[in-house]
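Just passing along the structure, written as structure tokens.
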Amino acid sequence: MAEYAKRLWLEEDLGDDYRWSYRVSAVLFSGRSEYQEVDLVDTPTWGKVLLLDGKMQSTEADEQVYHELLVHPPLLHHPNPKRVYIMGGGEGATAREVLRHRSVEEVVMVDIDKVVTDFCAEHLHRNTAAFKDPRLKLINDDARAQLEAAADASFDVIISDLADPLDGGPCYQLYTQEFYSKVVARKLAPGGIFIAQSGPAGFLSCREVFSAIHSTLRSVFPSVVPYAQHIPSFCDAWGYNLVFTDPQQVPLDAEALDARIEERISNLPLHFLDGQTLVGLRQLNKVVRKALAEETEIYTADNARFIHGAGVKAAAAN
Amino acid sequence: MAEYAKRLWLEEDLGDDYRWSYRVSAVLFSGRSEYQEVDLVDTPTWGKVLLLDGKMQSTEADEQVYHELLVHPPLLHHPNPKRVYIMGGGEGATAREVLRHRSVEEVVMVDIDKVVTDFCAEHLHRNTAAFKDPRLKLINDDARAQLEAAADASFDVIISDLADPLDGGPCYQLYTQEFYSKVVARKLAPGGIFIAQSGPAGFLSCREVFSAIHSTLRSVFPSVVPYAQHIPSFCDAWGYNLVFTDPQQVPLDAEALDARIEERISNLPLHFLDGQTLVGLRQLNKVVRKALAEETEIYTADNARFIHGAGVKAAAAN
Amino acid sequence: MAEYAKRLWLEEDLGDDYRWSYRVSAVLFSGRSEYQEVDLVDTPTWGKVLLLDGKMQSTEADEQVYHELLVHPPLLHHPNPKRVYIMGGGEGATAREVLRHRSVEEVVMVDIDKVVTDFCAEHLHRNTAAFKDPRLKLINDDARAQLEAAADASFDVIISDLADPLDGGPCYQLYTQEFYSKVVARKLAPGGIFIAQSGPAGFLSCREVFSAIHSTLRSVFPSVVPYAQHIPSFCDAWGYNLVFTDPQQVPLDAEALDARIEERISNLPLHFLDGQTLVGLRQLNKVVRKALAEETEIYTADNARFIHGAGVKAAAAN
Amino acid sequence: MAEYAKRLWLEEDLGDDYRWSYRVSAVLFSGRSEYQEVDLVDTPTWGKVLLLDGKMQSTEADEQVYHELLVHPPLLHHPNPKRVYIMGGGEGATAREVLRHRSVEEVVMVDIDKVVTDFCAEHLHRNTAAFKDPRLKLINDDARAQLEAAADASFDVIISDLADPLDGGPCYQLYTQEFYSKVVARKLAPGGIFIAQSGPAGFLSCREVFSAIHSTLRSVFPSVVPYAQHIPSFCDAWGYNLVFTDPQQVPLDAEALDARIEERISNLPLHFLDGQTLVGLRQLNKVVRKALAEETEIYTADNARFIHGAGVKAAAAN
């Protein structure tokens, strides 16, 4: 039970008629940017929790799992990843995991909000070293604009660590067919790999955005490997789509994955991921497989304007 | 959003400092037995929800998944399941799934609480037919006593659909080495299969009871196959342990499972389960595998008295 | 503590950033009209609670206090009240208290919502007899239209038991200078008395509507006597404005009030009100007196359109 | 609505099945003593709020009202108050109001918790000057022990600003007949006045402690004048008992009170209190008057042990 007396609860909606609350023992730091409010709170349930606009971004208890699953699959499948581009990821944990790969020479991380990246560099002690790593090039700007401005074939791996496309912000444009085909595909070097965190992927939630992100990627790239894992602080199974640009690439089996983990990553062991784990997560259940197979929607720059709450700013700017 | 005005929330603890709330549009029926309160409520999030003592037992939205994973794996792995014993399962959904197997000739379901079984037979429309099926023999009594009283080798499959061992009730005794070896093992016919719902099995929660149930079963039986799946209304991954009593038995591959589903089960398709699904779920992640490998605790009749809140009544009765 | 297990809470906002919750043991009855949702719930804190659109209307624990203070002061100050008009009051408790006055020959109660009045007549057992009293003439219509249609000088007492003027509904028009001067004043017989429930009247809340209702009434009538009492289920002090149309009328002292209570009211004693009580409540505290003295706003039919959320329908109808 | 994004709520029970929650915009300072946790939080509803063990102690929005009603009535009724003793009052606001009386030469304030008094001296800006006033003698010790140790007839006014007697702490002993007769009565100079904050005094709550404190005081002193006022942040009417030790003393009328306010108090005006206000509050309603008249319980040192949750430590110490 709580070691403190006050009943201070952070409440968050999980749906229209459904919410949860977890106790806060201390509000450690608070800040505000032109984009959002940033808070770091301590909780008995999750340890330290990073909040953006009052919504859980990551927790000490399980961010490691989310980030291992986002970062290591694309890098392990690449023969020799040297240059990595991170869209978003302001918290620093994505960069932290990327930098564990010894082959990596440069990580370009582009997050719009300098207040957030400064805040995390200072207060998230797990990520402090990553922010100081000389291989990290942190740019506070629009992730799309910076990627467009890069030379073609610049990156071995591109990682999309952005808010969901339907969250009402401008992120929608970074989930469209146009963006994938005209920007991502072009900026990846031959054999490049792309991965996108792809929203809730549970059997009740997989049709919200996960299936459409998957079908959009499949409309552009030759091979898309989806997988999902329950993340407790997201209160759902969470989906990823791993994209190969070279039709020769295939998912590695457990043994090959374990061998590459051993060879390439520093500060072993990994906490959550190994070959068997990833192989298991790629076996989606019947409901989710059916949703992916049946999905006909493709996110295009054009239909943004018809999607409630999404791409509004982008559409308005046309 | 809600189609009704009142902000009526059902609140439930998910941990000491962590809870959730979901809106209730109507309290459909309420009852009370000598053991517990029973309610059926309607909710916009989960559809109809069955509550025992105010705690979610099952929801229209996802009970199918929980019950398919509890029932079909043991029955599909048995060469020809005719007689099935259900411990608990008062809701009726476990029996419903068992009765879909054409080979089944008798289902003995023993649930202590007649008020609950009457309530569910009347109000849970999905399960009404199961309660009326002539192959179902419903007994309102102690599940252990009835099983002990049965002739040896009576059942092809025994299903444990009980409250968790540490919930403070008398269920602890039905998770012990003694019960498994002296009762379950003896009442199963040759080649018999046992399955136990085994509590939370997420990477943060698997050491609560899942790993100890697993290690207790392994101390008695030659082969125990664990698997887990995220169940949204349980707000966690949920664990099962499937037990073979014959060392020759091995888990079926996806193709064989699919073939048996096709041959044996009526009213196809299944909603959630197929061969690939179960094969995927058997690939536990690294954290859970490590927890199972490291677990040294075995639930015994004797140590009940040292486990906080568990087996208190049973221990006191000795 | 609760005698039931489920943690079912009714939540209501008390302000923008401030809310309360009380446990519900049972939802007794629910209904819905074209205007609103009606529920009767049972609670350990308040006994039975009537809800309109999920908002507490009255509770078994304290409705008696609210209604004694609304009804008896105007009737006791009138020399011989025979005909009474109630605007709103669908719950029936206002009529119930009026009908305790032996002098009363006719009560016209006009509440827009027949579903509510039927519901209360059936389910609020304290008020059932009032609904059946032959002296009660219940009309389900617009309270203003019916009053306008009545012959001039029809009523000895008019009681306004309506939602607050700023609640966003059409009630605003029944709090305006025009309504008071052109309708209420005209329909009252010589020596007639008017009373309006007048919203929150605490030292933090009295400037929300209480002071403006008071100043509006003072702009029309020769004598307005405000008083207030804390009503727990309203979570605030609650205000009333008692209006004399005859400048000769003066507030009675405690002794005179007690004498009239004794003479005129059946089923004594009153629960809450006596002479000393009312004399005390008329002594408003310094903050509230200052608010009333300083208030310059007068609700007019015209400025409805400038008041956020109020009179919207009425204004739109012009 | 909130100018900040996070939905951080402070939740407090108002009863067994009844609670409220108000949003917290910032946790300004937190501390912990051997007795309790101390927090200062900012809220949109109440302004700054002081919490002891997570319970609202006072709020910027209404502490002035509570403290004016606690301090000025006893001092105004005394002919020439020079020496004042405050039991509890660690927040500093009681001392602040006492020190506004020009006649006061010494205020002895005894609060057990140095962490609280240091915290409030530093963080509650309204009270900072009072803590620095040379007339204030602040002692961190047991309020009873210090009063017993004082010379007889030391004080003109004694103010009891303590937790309620049934809160489970050791305060019960400071509400007993023995304490009043053997300590308070003896330490007051001739014509001395005592006042006790006396807990909830609403028509639903006045029998919890208010009536028994009153009857205990009446069993010792010749004249006890009760009054009550709704305090929003206490979510109830709050009671006070003003005690005259000289049978000649009588409550002052409104005019006399106003005159003394004018003569004696610095930094006028008072925010809430004037003669008419206090005269009104002394007119208790019928339900509360009846409760006081019927109360037969008297708190004695002896019956502490039979009162649930009260005086446990004291009883155990015998």
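We call the chains A, B, C and D, going by the order they appear; numbering starts again at 1 in every chain.
In this section, contacts are C-beta pairs under 8 Å (C-beta built on N, C-alpha and C of every residue); 3 or more make two chains touch, one makes a residue touch a chain.
The model shown is predicted, which means the values in this text are computed figures rather than measured ones.
Annotation: 56 Å between the Cα-based centres of subunit B and subunit D. Centre-to-centre separation between subunit A and subunit B, using Cα means, comes to 35 Å. Of all residues in subunit D, those that touch two or more other chains are 21.
Chain contacts here close into one cycle, and each chain has exactly two touching partners. In summary, the structure contains touching chain pairs A-B, A-D, B-C, C-D. Touching subunit C in their complex are the following residues of subunit B: 4-12, 21, 24, 26-27, 30, 32, 36-37, 39, 51, 53-55.
Partner subunit B is touched in their complex by these residues of subunit A: 1-2, 14-23, 43-45, 61-62, 65, 202-205, 229-230, 232, 235-237, 270-274, 276-277, 279-287, 289.
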